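In the two complexes that follow, chain A is the common piece, with chain B as its partner first and chain C second.
Entry: the complex of A and B
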């Protein structure tokens, strides 16, 4: 083909689009290739059942970087984020717990469980908020590599070290504990109420094949507190129209800067010649040349499928093969005839306008993990539920609703083998509905349609290796300069002119756009594109 | 002592926060919740309902009503201002200094309504002495509800006898809302799609109830003044008593402003007039001389704010509500003062720190880099602020009419 692009971006998910927008804004000629007919990757909204829009995979926005919203003028391009009102943990036989943005109200709620916990809760928030600044420094800058001995990397590490020192002894100790302890052990040091600790602990295990009592899970708790320090007072938000609209606003921004986007254009191979990427071949045989090829797909798909081991140094290929995916979650989307009321707090009110966590106790969560450890989905899983139609009535016909249910654990590696997930799919869906029915007794009668996505489906349909929603586990050993593998955490790869810009690169997954933005900046800075 | 508005029963019952405020001697709600953020997003993403009754309102009747308003205000509404039109306007003293700003609505032949932030009955009567016009202070007779946000049109569609799709920006209609007589105008102070509903005191509660009931499925939320303050800054709207001062209350000349200094030149009709307005001569003289100030929007550099707080090992700490403490604005050197910023807010939508400021006109060009004072840990520092176009947020839906292809 005659046309030559400065950059081809494989994958039209939110990170690919962010990267495309930044490069196009800098005047580069950019082409985005998306395999599916819709943009967004795993941040996608689709009308799966007539009249009902599902925010199919990811469903909330917590860490979308504010600088990206500003730089790409996403509000002008239609982004509408509404903060979630409440974090609600219902109980099958108990009053449940709501945590509100109003600290007095939250204190009152927690007091019913433990007066001590109610008192310490704000102090915990303060400590985590300060530590989150430390972590934010990490997610807003490319990962420094201590082994590189590059002056810029060392300076950056020095800066981090200084920050660490500035935390003071108390917080420094907390930071160390966070990096090594389990989420539960860490929370045990602060709180006594199980009902409070269990919804707090789950942020440590999302997207990992670990339990709340597994060491190292405390670190991810910190991410929860990061969104709160960009001037907004709350971390989680729902995007009007679902997360697909986040992607679409980025796509519109990218196009306004001149980026070209093609859907239904599956990439077959990255063209590699003399160790350099020169373009891509599509499934239909078309070859498209570009000065650089940037993959927003996960490292396994990028290197082992699109590039091929033969073009990779052995050590690197081994590193990529060892990169852990181990998807552990599924997703159930429901179209509902009416709102399924919760037993402990009936009615539609602010308590259901946020995220709802089914995790009545720490033991419950650990038992859910037990099932998964031995190759089964949890009979009583942890669930995180949002009713998008309560936040954006346009998601469902009048009076009707949609539910978005994130479910963990649904291990990719079930004992029957992942390829047998399709035959277990409906049983998994039933387990979800049965569990939720214990809290919402009328749920079953109100279901008009249900979409069950197992980790196998996430892999087949959305290209997420082993169904891992973060393009690789967000565990400490796979973060920072180890993401996706040591020495290659700064978006470049051993194949010249081939770059990474997806969640498998630093700083990892979630709808934050940071890998896409930082990859683009790094390439522009190095004159690579 | 504060007096209730016509919606007092409803608004105060819902305001569990107990956050009240004096607005022109009436009880107004600052925020219904502990935070105003939910109300703010309610308006930007769904719809907010605010009691705007404390606004001063004057109904003018008679063949010379338009003449009186065109003599007092800087707009000439004696021509090309048919029934159903609304205009934003300002009025001045004899020296061309702004007294107030508000809207004029042409409700019916020989019937206009003026809104304002301060009382102007005496001023209107004085200038209407020799005219055939009757001026009614309708402030307490009428309740006013601002229904603002992208869903506001859908809500009104449910309950008014009028095709809302045909309601154009800055138009007013007499209609029935759930069978009650009201005026609906497509106006507001949020810079979003929005309407104001004007109703007789006696029917006020019924109108509130109808809008709340019909708004339920469109995510309507009662909204207070804290949210409004953030919204109006995003919309780039100045506020009398904050961003400028009515000349009638200024002790010194330096505090007074002319319409052009406030960026209201568009609202001043100087040519083809049958008669001059109050202050016209002074304004013409000012235009020849050049004005001293320009009202601008400032985008305060967030990275610099973050870095500044970082020096103190603090996270950027900004009040969660709009702030009205005026601070100096400097040239890029950070030393030579060129103006003052009078309203500030963090925009939860745009993720930007915004200010409204008055600066010397040579610094008013968009893109100009200035410095704004910012206090951290009791220390006065400066950060970069860039002059940007107002409104900061300007959605298309604000002025588009779906009924018109």
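Entry: the complex of A and C
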């Protein structure tokens, strides 16, 4: 029998580590158990091919909460963020579009597509920036329960209501539309150019089984205006060493506060006695006791695998079973002999020092979605590409490069059945390379190694249910007070002493660390740990 | 009592006119077409054959309005819906067949839980939501919602934003049944069964629905005209309003295309609100932002209408016999694919059909032994690539007939007359710019306090005495009469 801990955290992904660090900082005795040999979960860097480091799954930092960086002293522990320079949307036969941090440059670029759009773009940015401040209020606080009569919930709801009214009628109307409209319908009210709207709309579909014309996708547009990397203008940053270094800096912070972290320690079960979590059993049979068990895994794995339905109230179990995952994306990482230049803007310039989006038109994106709806990967997918080696030369040997390619749609539920993804994996990889080659004709000749991760692989290797990168779809009915299910959005669970701290809890996915931090704060506040 | 002009003699215009005339106002209803009723009117589409309205479902017509106006309408249960494919069918309604009864009652129970609350919200003008809005009506609305109780309220918040197929999937495994149930809820939307928030629009329809009206919308129109005229109101058909006249910020009347002016101290636009505000009012009289707000209203027509005159009854391969309400949507993927085509300005080869056979209950609509098929065709784009010329219309007609022949072989051999109305035709006939029957899509951001747009949902405009009162206003879609009723009641 091992020593007793105040808290065991299942999963050493970024949220598990953030939670551990906050609890350790508060003086609690914390143990993190990670199944894989490396920390980071889906925020992980690995040398898959000798000399080349892949930022295997997630690849940029966008919403990592600034207070977490401060509280956990992440910079001291090695976090180095480089803001992305540009958002580049190449065209197969045309100059494409670059959006820069410098508004004048962006305006010039857009005015080649539409003068009207160029005029409105800054105005749009201003409105969205103000709404983003309103949205931060929501993601930086536990979700209030609209049906609750608790004074604290009512106060929080009233506060939100007041802030909403403070937005004024015009912004209030925009916020209202953002909440339920499709990304395309919403953007149509502002802009006319497809080449501009298409890369803007795409943020609404990342990680969901929805298309840019599906209602409920507009609100994610705000994420782009919530960037706090170095002020308001830049939404995304690259972490030196890849996203694994984000996790490692958090891990180092947690350890500096005294947290204990074990890798290759897969959890088999959560021990539950009389409706109370008392510890965990590892795959090897070891039992570890703790006053509190906190899971950073997704709700399905946490409740249906580790806990077991027999320990759950019926309504709650139904809610968890209904929670939709439906992973829709894959990842391709490439080791490259040389830089694959883009046809329309050759050379290694600032335009490739950011993210590159392959989404030439709204119809292109919608057709990619249509393929997925009927159980196939997109023949011509949406891709978001970053060349980490341009932002951190240490990621590849000198003169060589790595490419990180996020690909959508790759639906978990293919018509052959998800377990048959391995036999489709290379065809999927080929579709990605073929599509990208239309923009970078020399790409194929420069590939030294390619790693293709299908949603099936994301599930098997990284424990993401159905390959959903956010631990559950970020659809309207799975947000806020309904994440992961009605009435249980404040990190506690019907099993006493069992808590959630992963992306399956409010406010959801992305490398933001918010669920981990808020769960820790909530537990400390309530004296639960 | 003052004089009121109502622009548009569709069902909402007639309701508003009848209400105000009974209250003693001098009412003139101006209708551009030669007959009243708008798209609810019954018409002879082929010599000897009549239909009962473009939108043929009268089950959503408000009881409150009917009672308030003292209309004598024959009411009856909504005919059972036969959901049919080539080789399979099931029946929903009283004569449930081919559907697991336990799942069906669970489904109906869920609707019943929210129906009463939804009806109470739908039959009142929405509260104002602007920064200066009085707080009490807002608080009342919130209070009513919370009074539903924790469980129902949470459930409503959960299911409302869902794709209708996801929600139906919680009750039913049968994809044919799900497609059939989803189809009716998609009317008036620009969505497919996999579009999030389409559960909300199905719940809206189901909440509005009550007893059917014998004779369909056409019968309601006849009763409304009678009520309007018996109360002393004037109905002027075949006259078109060309301008709403405004003097020092107040409405002073309307001018007709003939040049004639009608003075009024109140004008209710029971036509497309965009037409009223953008075409009929001098732009200088409107606040600058309004033009943008009203132009942003989405009203992409997604329905066509086909009327068939048949020499005999329609015979379904999978379920012989006489059926009055037939839903042909295939499986969910077929319905979704039909919507996919619309995104690329096409229509699918197999189209989702919402069919009524009004001659089953009213044989007088056709010669003896003959039948009328009233077919609302879903997933037909208003902006078809290449435009809606004669050949496109013919292609649409053929697609409908071949879809129909697949489930009811030999139907096309019995066709003695046919009318095909594309969304563009509907638009032209009824003054709907993009052919949308309800002047604005049903979508969460275009309902309730945001219909037609935020700040104008209380039937008033910034011009004194000028009101909006059509399906483009709350509660929107379906054939309810509530918008006209509430506009007339809003003073």
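Quick note on the criterion: the second predicted complex is superposed on the first by the 522 of 529 C-alpha atoms of A that agree within 3 Å, B and C clash if a C-alpha of one lies under 4 Å from a C-alpha of the other, contacts with A are read in each partner's own complex, and residues count from 1 in each chain.
Throughout what follows, a contact is a pair of C-beta atoms (placed from the backbone, for glycine too) under 8 Å apart; a residue touches a chain by one contact, two chains touch by 3 or more.
If you're wondering where the values come from, they're calculated on a predicted model, not measured in any experiment.
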item: Clash or fit, chain B versus chain C on superposed chain A; value: fit
item: Touched partner set for A:215, first chain B, second chain C, both or neither; value: second
item: Touched partner set for A:80, first chain B, second chain C, both or neither; value: first
item: Three-chain overlay, vertex chain A: chain B-chain C angle, C-alpha, nearest 10 degrees; value: 130
item: Touching partner for A:258 - first (chain B), second (chain C), both, neither; value: neither
item: Which of chain B and chain C A:486 touches, first, second, both or neither; value: second
item: First (chain B), second (chain C), both or neither touched by A:397; value: neither
item: Which of chain B and chain C A:373 touches, first, second, both or neither; value: second
item: Contacts of A:94 with chain B and chain C, given as first, second, both or neither; value: neither
item: Least C-alpha distance (whole Å) that remains between chain C and chain B when both complexes are overlaid; value: 14
item: Chain B/chain C common contact set on chain A; value: none
item: Chain A to chain C touching residues, read off their complex; value: 146-148, 165, 168-170, 172-173, 176-177, 179-181, 185, 189, 210, 213-216, 322, 324, 363, 366, 370, 373-374, 475-477, 482, 486-487
item: Chain B residues within the chain A interface of the complex; value: 33-35, 37-38, 41, 44-45, 217-219, 302-303, 313, 315-316, 318, 320, 346, 348-353, 393
item: Touch list for chain A against partner chain B, complex; value: 66-67, 69-70, 75, 80-83, 85, 101-105, 129-130, 133, 166, 229-234, 240, 392-393, 398-399
item: Residue numbers on chain C that touch chain A, as the complex places them; value: 129-131, 146, 150, 153-155, 157-162, 166, 170, 191, 194-198, 289, 293, 296, 298, 333, 336-337, 340, 343-344, 443-445, 450, 453-455
